[in-house]
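Right after this note come the structures.
Two complexes follow with subunit A in common, the first pairing it with subunit B and the second with subunit C.
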Partner chain A sequence: MKADLTKYENNKIKNIYNIKNHENYSYKTIGLTEDVIKDISKKKNESSWVLELRLMALKKFYELQMPTWGPDLSELDMSQIATYVKPKTNMQRTWDDVPDEIKSTFDALGIPEAEKTSLAGVGAQYDSEIVYHSIKDELVKQGVIYTDFDEAVKKYPDLVKQYFMKCVPVTDHKFVALHYAVWSGGSFVYVPKGVNVDIPLQSYFRLNAPGAGQFEHTLIIVDEGASLQFIEGCSAPKYNEINLHAGCVELFVKENAFLRYSTIENWSKNMMNLNTKRVIVSENGKIEWVTGSFGSKISMLYPMSVLNGKNAKCEFTGISFAGRGQNLDTGLKIVHNAQNTSSVVDSKSISKDGGVCTFRSNVLIKPKAKHSKLTVDCESLMLDSESRSDTIPTNTIETDDVQYSHEAKIGKISDEAIFYLMSRGISEAEAKAMIVRGFANPISKALPLEYAVEMNNLINIELEGSIG
Partner chain B sequence: MNLLTIKNLYANAGEKEILKGLNLEINKGEIHVIMGPNGAGKSTLANIILDNPQYNVIKGNIEFDGENINKLKTDERAKKGIFMSFQTPEEVPGISVTNFLKTAQSSRTGEPVKIFKFKKELEENMKKLDMNPSYSTRDLNVGFSGGEKKKNEILQMLTLNPKLAILDETDSGLDVDAIRTVSKGINMYKNDDNAVLIITHSTKILNDLKVDKVHILVDGKIVKTGDANLAEQIEEEGYAKYI
Partner chain C sequence: MKEYILNSSPVRTSENYGINDIKLNLDIPQYKYFDNFSIYTEELNKIEVDIIESDVGQLKKLRSNIGLEFENYSKIVIRIPENSTIEKPIVLDYLFDEDNNNLIDNIEIYLEKNSKASFILHYCNELENENFHHLKQVTVLGENAIADITIANLINNNSKSFIAVENELKDGAFLTHRLIEIGGEYKISNYYSKMLGDNSTNELKSIYLGTDNDIIDINYNIEVLGKNAKCNIESQGALTGCSSKSFKGTIDFKKGASKAEGIENENCMILSNKAKSKSLPMLLCHEEDVNGEHGISSGKLDENMIFYIMTKGISYDDAKRLIVKANFNGIIKSINNIELENEIYSVIEKYI
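What follows is the complex of A and B.
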């Protein structure tokens, strides 16, 4: 029974890479010029302030330099990337109205099912646009807004203008500038003061078109004393050409508020994932990041937490798994910018078959952040000797009164542990999988059950075929 | 009934030749003891019976339950019914003792574990071994004291119920009470259809056991075999006259 279920789950996950829908777009632009940007803006029926912003961002993109560190991005040719791919449907409020072919993709990913059982709201983006959005009535009654970004811009322009780009400025780096030039889709969430959203909201991003980019913008505001759990999922079918993901996530956690932002990233292995995520946390607020990075050819992803108010807290729990041909350059940034702020970082990485995992942590403790606490713990597991794992911590501490600890462990999977498990009758493949799952267990525990199961299955699939 | 037969076994640990023509025969229903000075090859023998990849057979045969197992991998040997209690059990983070044992048992039997029965037996066995029940949910051996690790090995032996249990210095580093608990575990496990091979430096663990044969292993060979009295004699006189 259990074995069948696992097999079923594994097939489900394999489908993530295999389902390719053809010719599903009604409109598509390729490349990155002023005309292309004007075209996108026109197709999206945007106000002039949005177009102006896009053109300004495009200028910045050409001014800013490529990163001088990290993985080699020379394969990325922006003139070849489909910057806007509009699916053949408008945003729908019921799954029945979503075209069958698109719906079947989300069915295979288990999204409508999860919505029924364990989510308070769902957003589903297909290529450049959100095709489905829903939220439970109780939350609407309490004033919670959860909608696609285009609608937010139209319906709540003041709220959007107050926060949009205030967390991640356009000048931040080249790919943020790119994002603002061509952004499309994404979710907008506002949780009013004192409202607790107990059941998670989830936005799922599916990139179907070959050679396309996805540039969704997620903006979440958790107002004073409110709380929210938000889950972001992403995947794409496997193609031979490079796809690009340059999304942007802006989060605001106000006084005494709480946000848990979980991501299971499962891009196919032709994806360049150059994503930007940032949160600003006010007094007594708390952000929890939970992230699992499995897919992509190259990832550069360093969620940043700015602890701006007294007693603000950050917890980061992350895992990345790099297999053959993958270079996952991940990590985090934290700025302690007020008294008594604290952060706890627990990061793990697994590499196999020549995969490369790099973990960069960059922590800045400002002079006024007295009595701050920081604990960084990173651990890497290499499954063979051709794989690589690096940890690159940078800490800038500008005040004396700080409690700080940093631990880094890098090791190969233990032959003795494999032998120990095998000596109890467990096969070599299962022994390795158990050790890897055990290594990842602290992350699984932080995830909602269904996602923990998905992560374990992803690990099983990653290990399949690599063990003879 | 013959259970384990080792014939003229030569084996290396890495590049170093350790076993040099070892012969050993164990029948069902028997308890055997191997004693010998440090570096004689006792642990090598235990590890080679389970095909630890850090050791390799140069020549000779290992037969188990009437079958040559030279070519079988560790997990296949375990499934045939060979078990070893490790001298230093590995710590494996993120896997609970219960989940580990369930996986091991279903691998060994090829059938899914009956959860209720399994849990009840596990609880009973832990009680008999004087183990705190909370250990069943803890990560495998992680942060266990030396004594708890060894008890956990015996717990695994009782759960998996092998045909041959090899105890590689299970008693070393244990206090008197813990040694008694381990002996108790061996007696709970032992019956006419299985066998035990105890590797030890001390006779304390043997006090409560009915030992059939004691072997002295020196420089990769068994140089003397006797009954339980031989262990007593070694305890008093040392190995001088066998070296």
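What follows is the complex of A and C.
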């Protein structure tokens, strides 16, 4: 009975992520040409400098090569992707003003409820535009800016110009160039000097339109001595055609500042998730990445931390779970570029039902990063022999005064552990699920309670079978 | 001079990381007959040895996993018959000199079922002339055969050394390989094992030493196909001067290799702030019921340990040498040949 109930609950959660609304947009562009870019820019009523950057990025996109490594991206045909889908609503400040169909999707995902109980601000993006944004008044009074990125470009052009494209350059790789050509939506956060935002802000990205791309831009500046916890969630219903996510996250953690950036990603299994995230950390600053990758058909995601200031720190805690038909190529990049910088990486992956998990990392310790320390720990769990799990870590050390260690393990669930739990009256399936949840526990612990529950739900769904 | 792209890793990663391959500009010298070599064994009657010196057209082109190929080379085939045990090591000794400064050799070692033998392939020179050496060493072990092979590259640092090893192991076979990579301004090595047999074991122990502007590129790849197979890669290295090293080590568990185990460890001692170390230790897994681990550690020598040794009246430089030698000691001692062990220690002392 208990098993049936769990199955019922898991199906309920699956259905929530898989809610498909009628495609109801006010404007849509397909493909990637100069005219399409001009069209998007005109529709957004942008300044000429923004359009110029978009056109320059488009040129770069066509110049840069496709990656010669990683998962096969040949199914992606940019001429068929809807590069901009404007929903039939403008950005609203109250949920009551959001159209019912869209609001009910976010209701089912629990966003308005979480806003009431545990968030200091929420941004909700639907297809290409933010449809809802809010921030608590007390934060506004302290000078915190949390708004959608389109609005930030118009309202704070000088601040945006100072940081936009400075962390992730347009030449970084082909899909960043694509992003800069067609970006739309996303979030902008500025936390002034010395302000601590104790309650998290959350942006949720929902892609509803079939065959569409989502290209949101997130830019966060945590100024000197300030702190912020930011949560990013994403999901989409499953369609037969390829959807594309090529967002970009640029983060700046200034001197003595702190940022925790948490992501629970549950894209549908027709999604190519080619996202780029990067942070530049100044002296005594600290970045904490907490990341759970569950969905998508293909993911190529390697959050990068550039430790530019003395004593800057990075902590990365991540988990990937690849089920049937999924190829999740995830990991991280870290550059130690100053004295006494340190990093701790704890990465886990689970492969099941033919899923492919690849942990890929690149660590670079530059000559001036004397007295730096770095520990990388990655562990992979294979739940059957149809699946695949690869660990591909690269490290480059250009100074002698460094302590670097990397450890990786691949294996199955221990038969002894299953036997022990079964001897306590627990079924084999539940025993395996308990062990997998225990395996993921370090990541759950790093998440706020509601999101830890969501992550456990996603693990339960994956263990039961594939979503969608 | 021609640019070559060599020693490609079995799985590609971003070109930006600069570790997938190594690009070298090489002037590969013309083939020359190399006559300064000898084979020692006390049990010649128990083994079969063929020495084939190639002339054009007599042998197939020699191709190695490094990516180089040669029309002409010398080939030695050693076969240990079924159920034979050779107690003392079979030693192949190559001494480079002014006339013998270009060696392209292909050594194939076959151990038939239940046979056992050990081998030392020793490359050295007394002069400081420039040498070129490319070795392709092939090992095929039959069922339950046991082989212990040490390849000691102790040629001078004006030389270029390329060592490619290819192995095939059948059921119950046990192969221990030692690669001592000390000589040569270029030290390019490739090691590929196909562990076909159930219960087979492959141990690879290697030492590398980079000095001055040495370029070291290491590419090890062990494919585990047999059930209950075990492999172990242990690599100890030290870098001084402006030397640079790329270490690519792969353990690839193929589907069906149930209960297999694989461990890979690399420890790189960085003794200079101008030396550069790159590593790519890969674990590839297509089988659930395996145990795979890898560990990498890099960094400078432990200052506390150096200080402790210095309190015993030993100078800083000697303390450093002592620690490096101690890290190499486990692998060198396992050769079990005092003469060669001492020679390796003295070459290491010369460079550090």
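Methods note: the second predicted complex is superposed on the first by the 450 of 468 C-alpha atoms of A that agree within 3 Å, B and C clash if a C-alpha of one lies under 4 Å from a C-alpha of the other, contacts with A are read in each partner's own complex, and residues count from 1 in each chain.
One rule holds for everything that comes next: a residue touches a chain if its C-beta (ideal position, glycine included) is under 8 Å from a C-beta of that chain, and two chains touch if they have at least 3 such contacts.
Since the model is a prediction, treat every value here as computed from it, not as a measurement.
Greater residue coverage of subunit A by touch, when subunit B is weighed against subunit C, goes to C. When the two structures are aligned on the shared chain, A:Arg424 is found in touch with subunit B, with no touch to subunit C.
In the superposition on chain A, A:Ser414 makes contact with subunit B only, not with subunit C. Once chain A of one complex is fitted onto chain A of the other, the partner contacts of A:Asp390 are limited to subunit C, with no touch recorded for subunit B.
Look at A:Gly438: by the touch rule set out above, it reaches subunit B but stays clear of subunit C. In the superposition on chain A, no subunit A position is in contact with subunit B in one complex as well as with subunit C in the other.
If you check the complex, the residues on subunit B that touch subunit A are 50, 52-54, 73-75, 78-79, 83-84, 86, 89-90, 92-95, 100, 103-104, 107-108, 112, 139-140, 156, 160.
Residues of subunit A touching subunit C in their complex: 67-70, 360, 362, 367, 380, 382-385, 387-412. Residues of subunit A that touch subunit B in their complex: 1-2, 414-417, 419-428, 430-431, 434-435, 437-442. Those residues of subunit C lying in contact with subunit A across their complex are 11-20, 253, 255, 258, 268, 270-273, 275-300.
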